[in-house]
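Note that the chains are named A, B, C, D and E in the order they appear, and that numbering of residues resets to 1 at the start of each chain.
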Amino acid sequence: MEFKDAFGLFNYWIVIVLMMTGLYIVVSRGNLVKKIVGLNIFQTSVFLLYISMGKVTGGTAPILTGKPEVFSNPLPHVLILTAIVVGIATTALGLALVVRIKNAYNSIEEDEIQKLDLAAENEVDEPGARP
Amino acid sequence: MIALLVEAASWTFLLLGAFLVLVGALGLVRMPDFYTRLHPAGITDSLGADFILTGLVLQAGFSLVTVKLFLIGAFLFFTSPTSTHAIANAALVAGLKPRHAVVPPRPPEKATQDEEAR
Amino acid sequence: MISAHLPILQVIVPLIAAPLSAFCRRAGVAWYLSLVICAVSFAISIALLIQVLEEGHISYLLGSWAAPWGIEYRVDVVNAFVLMIISGIGTAVLPYARTSIAAEIEPHNQALFYTAYLLCLTGLLGMVITGDAFNAFVFLEISSLSTYALVALGAGTDRRALSAAYTYLVMGTIGATFFVIGIGLVYMMTGTLNMADLAARLQGLEHNRTVLVAFAFIVTGIGLKLALFPMHLWLPNAYAFAPSAVTVFLAATATKAAVYLLLRFLFTVFGIDYHILGLTMTWLFTPLALAAMFAASTVAIFQVELKRMLAYSSVAQIGYMVLGMSFLSVTGLTATIIHLFNHALMKGALFMVLGAIVLRQGAATFNTIRGLGRKMPWTMAAFVTGGLSLIGVPLTVGFVSKWYLVAAALESGRWPLAVLIVLSSLLAVIYVWRVVEAAYLEEPPADSKATEAPLSMLVPTWILIAANIYFGVDAGLTSRIASAGARLLLGVAQ
Amino acid sequence: MSGSTLLVLSLLMPLAGAVLIGLAGRSPNLREAVTMTTAAALFAIVIALLMRFNAGPAPEVMLQEVMPGLKLALKIEPLGMMFAVIASGLWIVNSIYSIGYMRGNKEKNQTRFYICFAIAIMSAIGVAFSANMFTLFVFYEVLSISTYPLVAHKQTPEAKASGRTYLGLLLGTSIGLMMVAIIWTWVATGTLDFTKGGILEGKVSGALAPLLLALYVCGIGKAALMPVHRWLPAAMVAPTPVSALLHAVAVVKAGVFTVMKVAVYIFGVDFLAKTGAATWLMWLAAFSLLAASIVALGKSNLKARLAYSTVSQLSYVTLGAALATSMGVMGGSMQIAMHAMGKITLFFCAGAIYTATHKTEIPDMDGLGRAMPFTYGAFLIGALSIIGLPPMGGSWSKWYLLIATADTGQLVMMLVLMVSSLLNVAYLLPIVGRGFFAGSDAPPAHGAVHAAGAAPAPDTRLRAIKEAPLFCVLPPCLTAAGCIALFFYADSLYRLLEPITRP
Amino acid sequence: MESVINMALLVFLAGTAFAILRRTTLFSVVMLSGVFSLVSAALLVHLDAVDVAFTEAAVGAGVSTVLMLSTLALTARHEAPGTRSRAIPLIVVFLTGLALVYGTLDMPRFGDPSAPVHQHVAPRYISATAHEIGMPNIVTAVLASYRGFDTLGEVTVIFTAGIAVLLLLAGTIREPTTATKITAMEHHLVLRVVTKVLIGPILLFALYVQFHGDYGPGGGFQAGVIFAAAFIIYALVFGLETAGNALPGRAVRILLALGVLIYSGTGVVSFFFNKNFLDYSVLGATAQAGQHIGIILVEFGVGMTVAAVMVSTFYAFAGQNPPIGDEEW
């Protein structure tokens, strides 16, 4: 792996670092909003992976200008446009859930919510209190 | 010849704009408290951006791009001062007192009290 | 004219119906519209199945663009069968859902519930029918998002539905993102997204490390969606606290679509002779499946809440499907494909019974079902039959799947596996009989005013139970389709 | 009516009966009448099938093809015919008895009792007439599940506990081991049909045959071989007509019948002899024989003792199958019939004693013989038939088993049979002896005091005890007479069973 | 030179991500995630993905920050210190990262023109778009026509999100009584004046982006978001109730559904001309004209649904009764 090779992959390695930071935030943090931010980072870095695979050195944006030019690959761009929508949809839904959880449990920390659930379960096997 | 002159002018504008943005960034870091930081943020927003925009206009010459750049300039002209105003207003309403407030002459111990109060 | 456009109509009909149902103000109108649409989509799926059984496979080019460039729908015997399962269960659940939802969900949400239901159906159908990898991801997301919302609707009766939906969302999104990473890496090495084209171009990349990592990510991603054993933590809470009608629909279809997707990627895209496939099967899938069967069943035995108990039993049944897959033989795959159908019938009926109990008693736990055998005779009789089918007593669908699974285990020469399969189904005897004993051999509490479930819930339950028995007695059709699908997936001559 | 419609009718009749009983649940008399007519009709059908079987080709019918190659089909062969005759015949007697017993003891939810009874008999007939191992397994499972409500009839905590062990063991062994064996056979041979001379020839290697046989025999929990016999004593908590059904008419008989069919039609007698796959089974049966009898000696509860006696008597049949000779098969098959008749008599008497005096422990039953002469007379005849003394049918089956041990030179087995007969004497005859001759002075337990009967007993206390109601005494006498009749008409039974012994 | 800018932006992104990981005040975390999106948008521009950059900026920096801030307003400010052990997450993340790095070893180098991705399917798009669809922006061509069904899926996804948020939050929206008047920032005179001035151009720009999508970066999705941004500013400054008069909740719900119907309607039309679903060639005189009409219609549907979803989501979030007074902002 001489330097030129390693340098070529360096781009992907940093994207992987970003992905893992996002995943780490989701897996390790208990705060529900922080988890969603982590999820956002994880997904955005996946978009970067897709786009950086579509880039051609010396290519320009895939917009025809009549003059023959080298274009970057348009397909990853299309895929990522859809993926961004999926990302924002999941974030919106997650945040709505966080608001409802705050109303129901008056907390957005996972550990506190689990404690409240266990308390409700041991106290009596009736379904949890009304929200 | 003219092209060379225009090129040099745009480069000077761009470099000047970049320098101003750098100054603004440094200012943000160095300034002691919130209100004083607003000033360097203002620098980057107004002057820095304008210089870069004019530099780009010179680069683009007479074309649709120039019109768009002017539109961006106009948009920035409206939004950046308003956003600075909004932030400052919100901070004041939220009760954040400027640290070295210039207070009309009154006994020194009052000022120190302000110090502790904040 | 219509029959030429059947594949796309299968997805478009519920997709267009969803916004239309969003217009309806009253729940009744939305329910009626969804019922008609589901019936139409079920009819389409049957027509598709018949067409596929005659012609082999159908290809439908979207926007008339040729295959690798545009998106292509490939319908063959395997996904036509899964389509029929999903739309069939979708149609059966709706008449049941009307009363069940009216009791469990806040009034203002009931109209939009049917929109989310139709979107979930669209997502599942779209995911199963498509021949394009990325399109499968998009429709997987549609079904997942609507599922998170449907599960969260359980908050009408129990606030724990919200935290269950949140956990499901986080794990589901991680799974979907892993799946996208996998597709991205495979796309990077082949340049195409069409599954058939992918399979062709992957042949040359036997020992490519990127394809190997892509395989791992795709399997983990779908595994998460599938609730394969170590990654099943979201399933019990999601199924236990979702509204009963939603649990019925999810338990019977959502995991099936994910299993189908796993089958499609493992056997069509990566192909049977992909060197890692054999290894993963023996060293990863078989132990995980066995762990799922035993651990989940043992946990199910100690549950107090019946819906959570059946949720754990679902995790065990998924273990059966994955075990069937791991034999890499025609009988093994037949077992998996037929268990998709059988498990949908079994779990659909059982969860419908629990929904009826929740409607009448407020909750389905061991102390609310005491002595229900006399109070709700038809409902509890349905539970007994469903339970027997779960155990795998002859003349029920459960027996047919067990038969093929054990036969596959014996054919592959690993007879201890056969004994393990049968032992784990004995665990099912324990937790089913705990319920039967509580329902029949104990006296109902004096003040219990439970009455028999309404007819609108009983009829769909008994339709599924009748199907449970009919396809147990005459399993000719289902086993013919399943073995045709298995041979197709393995590329063995028909 | 053709043979096949008769066959289908033999299954539908008890099913229809069960439905009608359910409908007639309100009025007990109508319900009882329906049970009786169904039992009689079934017996008539079975006899008609017997006539047709003796006359022409064996009737058979294919009901349904469940999976490609797996069919639900019925076909008559000698063993099945015998078992069907026993089951339907004894059902009539048992119905009479259960009417008397249920009314006598005023048991609750009797409708459920009769429905499950009818379904159990249907599945017994199904097991008898099944043409392949798959159909047999199907009806075997239906039998297990339909008898569960009978065992847990009283709904008391220990009834539920014994119900749990009953079902747990039966379903456990059948799904756990038997199903695996069946699928193994299906995978190895491609067919499950019962064919004379067995289907495993050349398909399953000599080394694996004992393992397959082990899976089969231990899987058939109903045959109550020693390791899996726990459910039988646990089922004693059920009312006596159920124990009678369990022990004599349907459940255990289905078990040993399946063992015999597997040995004869799946493995084939000469395949067993050639590979010696059944030697281990022979020793296990012998051990089970002796151990059960010794345990029966120790039991003071009458029904428990009879239960363990059943466990040992069943091992005779398994022993017969394990000896792998034609005489062994003949002896084993006859033992099914003889034991059914003998054991049902003993159970009826035990039930009658319980109904009349509510006594269950043998030490309390001293001197009852003089008070209840008919019951104890029937008990004596039944006991003699079980022991195998000449005037009773039981002797023939023991006789053929002895010849079989001689044929195969298994002298140890002959000794085992001798010792077992002695043990039978040891635990059965003292009951009769104490009944008639021990005029003990111990005050009788508070029995149901009837009007002073004309019992000639000198002691006033004994005079208080009278015979059980007629319906409880008549059936044991009939079955006792049956034991004696079997001795004289054993020849027709021999001719019926003879074809299966010829290779 | 190009790769230097690349590296700089990527390192900057990594720095932002670590900052987000470390910070505990949620307000700064949300702001940093806005920065993260903006910088990644800049990087995307650098990687020639102009459409994606536009969307990422509009969505990442714009909408998700707005939604997160309104969630913070309704929930909590600080993250409780984590009690759980960090070991297992670290191991899981490390292993996944290792697997990915192992996967990159056989990847074609960054920007390598001979990579398989550029050989198989993409060349046809680049060469055929000119005569088949006749549209300069290849991405919009592929997005709306070649893989049009993916975009229909995308519209359905955003429609599902809209319905889901309505299902979850519609129940607890408090009636816009006079009480909500105080949230209208009367005393923010400057903001009110500037907003009035800006809303016009913003809407105009949204329409420009909507129909300029064929020729340059832009399209239905970005236009929808900008359109919604205009209404969000209006609602923020002039209060939810006045915004409700301009674009009532019921109308938004109808627009929500109408967008999807327009899109799928365009597809269904081709059935009647006996062509496959989403085949636009039948719509116009010539095939190419048909493609143009089809793409414009489809983009219009996307724009409408996206705008409606963003507005209805904001209404749902802003409509909740905030536990803290407005002054605490």
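The criterion applied here is as follows: a contact is a pair of C-beta atoms (placed from the backbone, for glycine too) under 8 Å apart; a residue touches a chain by one contact, two chains touch by 3 or more.
Treat the numbers as computed from the prediction; the structure is a model and nothing was measured.
Engineer: Using direct touches as single steps, what is the fewest number of steps from chain D over to chain E?
Structural biologist: 2
Engineer: If you apply the touch rule, which chains end up adjacent to both chain B and chain E?
Structural biologist: none
Engineer: Averaging the CA atoms per chain, pick out the one whose centre lands closest to the mean of every protein CA shown.
Structural biologist: C
Engineer: Go ahead and note the Å separation of the Cα centroids belonging to chain A and chain C.
Structural biologist: 27
Engineer: For chain B versus chain C, what separation do you get between their C-alpha means, in angstrom?
Structural biologist: 58
Engineer: Whole-Å distance, chain A centre to chain E centre, using C-alpha means?
Structural biologist: Distance between chain centres: 14 Å.
Engineer: Mind checking the centre-to-centre distance between chain C and chain E? Centres are C-alpha means, answer in whole Å.
Structural biologist: 32
Engineer: Would you mind listing the residues of chain E that make contact with two or more other chains?
Structural biologist: 100, 104-105, 107-108, 115, 117-118, 121-122, 125, 147, 150, 153-154, 157, 160-161, 164, 168
Engineer: Two or more other chains touching the same residue: where does that happen in chain C?
Structural biologist: Only 134, 138, 141, 145, 148-149, 152, 181, 187-188, 193 qualify.
Engineer: Which chains touch, pair by pair?
Structural biologist: Going through each pair of chains, those in contact are A-C, A-E, B-E, C-D, C-E.
Engineer: Spell out the residues on chain C that touch chain A in their complex, using ranges where they run on.
Structural biologist: Listed in rising order, the residues are 134, 138, 141, 145, 148-149, 152, 155, 157-160, 162-163, 165-166, 169-170, 173-174, 176-177, 180-181, 184, 187-188, 193, 304-305, 362-363, 365, 367.
Engineer: Applying the document's contact rule, which stretches of chain C touch chain D when the two form their complex?
Structural biologist: Spelled out, the residues of chain C in touch with chain D are 388, 391-395, 400, 402-403, 406-407, 410-411, 415, 418-419, 422-423, 425-426, 429-430, 433, 437, 441, 472-476, 479-480.
Engineer: Can you list the residues on chain E that touch chain B in the complex?
Structural biologist: 188, 190-191, 194, 197-198, 201, 327-329
Engineer: Which of the residues in chain C come into contact with chain E in the complex?
Structural biologist: 1, 5, 8, 12, 15-16, 18-20, 22-23, 60-65, 68-71, 106, 108-109, 112-113, 115-116, 119, 122-123, 126, 132, 134-135, 138-139, 141-142, 145-146, 148-149, 152-153, 181, 185, 187-193, 201, 208-214, 216-217
Engineer: Can you check the complex and tell me which residues of chain B touch chain E?
Structural biologist: 75, 78-79, 82, 85-86, 89-90, 93-94
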